[in-house]
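What follows is chain A paired twice: with chain B in the first complex and chain C in the second.
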Partner chain A sequence: MIVAIAVLGGLALIFGLLLGYAGVRFKVEGDPVVDQIDALLPQQQCGKCGYPGCRPYAEGIVKGEADINQCSPGGKVGMLALAALLDREPKPLSSEHGVEQAQMLAEIDELNCIGCTLCIQACPVDAILGAPKHMHTVIAQECTGCELCVAPCPVDCIKMVPIPEAVKTWKWPYPGVQSTPEYSPCDN
Partner chain B sequence: MTRLWDFHGGVKPDEHKTLSCEKPIAPAKLPPFLVLPFLQHIGESSAPIVQVGDKVLKGQIVAHCRGEDCSLLMSVPIHASSSGTVVAIEPRPVPHPSGLTAQCVVIETDGEEKWAERTALVDYSALAPEVVRNHIAKAGIVGLGGAGFPSHIKLKPEGIDTLIINGAECEPYITCDDRLMRTHPDDIIVGAQIIKHVLGGAKRCVIAVEDNKPAAYQALLDAAQEWVEVIQVPSHYPMGGERQLIQVLTGKEVGRAQFPPSIGIVVHNVETARAVYRAVQQGQPLVSRVVTITGEGVERPQNIEVLLGTPMHFVIDQCGRKPGIERLIMGGPMMGFALPHDDMPVIKTTNCLIVSGADEIETPHLAMPCIRCGACADVCPINLLPQQLYWYAKAKNFQKAQDYHLFDCIDCGCCAYVCPSHIPLVSYYRYAKAEIRASERERQKADIARQRHKFHTFRLERDKKERVARVKKQKAVVEKDKLAAIRAAVERVKAKKVKSEASSDE
Partner chain C sequence: MTEYLLIFISTVLVNNFVLVKFLGLCPFMSVSTKLETAMGMGLATTFVLTLSSVCSYLVNEYLLVPLGLEFLRTIAFILVIAVLVQFTEIVVHKTSPLLYQILGIFLPLITTNCAVLGVALLNIQEKHGFIESAIYGFGAAIGFSLVLVLFAAMRERLAVADVPLVFKGAPITLITAGIMSMAFMGFSGL
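Up next is the complex of A and B:
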């Protein structure tokens, strides 16, 4: 009886120590689910979901405060990816958090820019270049199209333009749609 | 007789090669304007180093690769293909399935064809392979078989034991390699020798020619030396595919996500070999190439040595344009693509222009439902399951399509060729590949945005902290100054007092 208690007690102690050690040794920093959700979000940092950025929204989803259909830049594809990751029922994008549209690009009308730096402060990814009382410009490559710079501009000189199509980013269309325009000889 | 192997599937389409293969290669005519796109190859585009108004000589670099040493990059310089003046650097339509514009240098030719200084490495065998390789990279040479892969990347001497010079030319209509092998077999052999030297001396060197080109085969046999084998391979599309040719000649299969050099084999096109010969022996960079102009839409289908950047309508006119051109295809009928018009330049990857007349084009068949006959799987040279890929691409289930190895597909078009339902299978694969690549690009962009946002928040916090620290420091300085001022005042008063006491004592 005593031997049995001693043996079981000893085993419990050993495994307890082992588990305790493993808990310290393999501790996971932060919530990995947040990282996984964050990796699926489009990182525009636009705040249309009601959170101040993509990561806070991811945290909101994990806490159960936010739903998976609040990210309009991610669109339906993004929502489906979130639904698949979290094993939830897909649902249509909520209309109060913006509408799904192709990514745009901010463009500053440089003739009218007064150099107030308000847009620079608003840009979440530091994609606007300029200095006080000097013309500002958007680094097109880094712009995420979040539209956060549009509202602060006191002279309304920022507008969102569609991203120009380039040879490198062109995609083959879905078959059945006319892929190339009809051959039309030029007058050379 | 050398033993040959076979690859799975493949088709034997009508060749239509006799249209253009009987006439000798016509020399280039000089167009009034040359349009040179910055991107004529697979990889990074080059950057212009000339300005509008500059005089350029033939063979002078107009756009350099983005970096000091081209041989390290997936990029090659672009050379002026004739002498003249740079009149514009602007977006122009480029030969691409999209028909979009891209940045080009436009040169107005002066008709003098004056060469820039040419440096040849006549005694290349005495030089280190790296020196010759750098020379080839600087000459702007890319794979001239149609893909445009920068050649110097495939010239790294990393345990290569077999060099294959690809003269298979399996696509219907195209005859530029055929004519080149008949006309300049010696150049090709010397080019192969140079490539062999750069690769550190491959043990085996093979020139493969399809058996539908007996004249080219004979010409190469006559020119060949004992170190090179000239081998006839069966005419069987897609024999000219890199992996298929390797399999037929060596019996080895190049694995998925592997490149031929990993199994000690390098394949170069015959015209690339000739370009290497010209660059090393004559000091000529890549400024022209042989292009097949064929089809019922021209009066004299033939091969022409065309200066790069020559507008397509200029070359078509040279062959006698017939009225009523219905379609213009760049590349072959199996893997090429239709162009919306002919105001585009001939670039390094333009091996063939098919100018189709009205009778030549079949009325496009309506795609019927898939009847699951499996003919596509029988002809797939990669042993894929085209039918499964089709279902998944059609349903936009890209993950599943990738699981079925969509990216191993070489777009050869055999499946669509045999499909009894006339389903444009390759269009579905191209669509799916493009979508997957686009989402990959978006993912990368998102990663960069995440990092930048992270740094943005970090920067704001750092600035805030610094500001607080600065204010604190200033406050402390002010406090210190204040105390010092009070102390000084006290001292002053004290001193005054002492002084006044002293004076009252007097």
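Up next is the complex of A and C:
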């Protein structure tokens, strides 16, 4: 009985020490702050902040290269969430990085589309479906409304339409933060 | 040498753990919806199964048997397997982020896979030696992966096939698994 307890306890102790050692020895150096900032960003990958995507922008904020007010799709709420997370002074969104607007959706005028695939190459989230010399279309569920496909279109057949707010399309405003009384996400 | 080859062939095909011994059915059903995930799971299981059958053999042979503690086998093996899986996860996470991404959640999932414990216990039951245990574990894992990949490929095709409404989803999956199991019974004639 005592031998059994000792053996099992000893085995558990050795394994515990092994795992503890492995945990320290093979520790993965991640930057949890980048992950936290990335989670607050809207993930549109629009590049309006001057970085190629949301994660590079998050890394830029951590390195001190970027300010917290450069994400216009995230809007005022997003900026306030970032300020709260990083314990910095909130500041108004900088005008050079676009203006805050409602969530949009790209729509291709399919009659005018010539099938040049330029918008497909521009789309950061692969939300446009099509092939050379065939009509393209936008997968509405994937589109983040980043507007990057509008400029490359040679025949100007892409336009941004606001998503009508219906029971099925309504969701919590980005980013998913608790609204405070003075900065309720509903009043902007 | 022939003896080892025999053990290998027999565990992969004739006594396949999933389709003949019916062990490890939960990943067989749940991780087989996509071919890539099935491959990832197969890879992770192969690694853990081979290692755990060797380690549990060592624990049994040099710790439990000399002290007359054979009745602790099950709990000791569970301990060994759990630690092994955790250790593998930590090391893989550090050394190869790419592999970690592929294996991902499957590694912890293997801890509770009954095939892993089954192999360890069957090794003792069939009085396998060190190398035999390793080959038995490796063969069992290869058999598991083979079946998992085959089944996943079938399910990928089933997903787009025109299945009668009453059979859609789980029923056709179970029927397929049953037919596969029957097909593997054919190997018992080898």
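Throughout what follows, the second predicted complex is superposed on the first by the 140 of 188 C-alpha atoms of A that agree within 3 Å, B and C clash if a C-alpha of one lies under 4 Å from a C-alpha of the other, contacts with A are read in each partner's own complex, and residues count from 1 in each chain.
The definition used in the following text is that a residue touches a chain if its C-beta (ideal position, glycine included) is under 8 Å from a C-beta of that chain, and two chains touch if they have at least 3 such contacts.
Computed from a prediction, not measured in an experiment: that's the story for all the values here.
Contact with neither chain B nor chain C is seen for A:V161 once the two complexes are overlaid on the shared chain.
With both complexes placed on chain A, chain A has more residues touched by B than by the other of chain B and chain C. In the superposition on chain A, contact of A:F15 is made with chain C only, not with chain B. When the shared chain is aligned, chain C comes close enough to touch A:V3, but chain B does not. In the superposition on chain A, contact of A:G53 is made with chain B only, not with chain C. Touch criterion not met for A:A140: it reaches neither chain B nor chain C. No residue of chain A touches both chain B in one complex and chain C in the other.
Remark: chain A residues 3-4, 7-8, 11-12, 15, 18-19, 22-23, 26-28 touch chain C in the complex. Taken in their complex, chain C has these residues touching chain A: 59, 63-64, 67, 69, 71-72, 75-76, 79-80, 83, 86-87, 90-91, 93-95.
Contact residues of chain B toward chain A in the complex are 39, 94, 96-100, 102, 311, 313, 325-328, 337-343, 367, 424, 427-428, 430-431, 433-435, 437-438, 441-442, 445-450, 452-453, 455-456, 459.
Considering their complex, residues 38, 41-45, 53-54, 123-127, 142, 144, 165-176, 179-186, 188 of chain A touch chain B.
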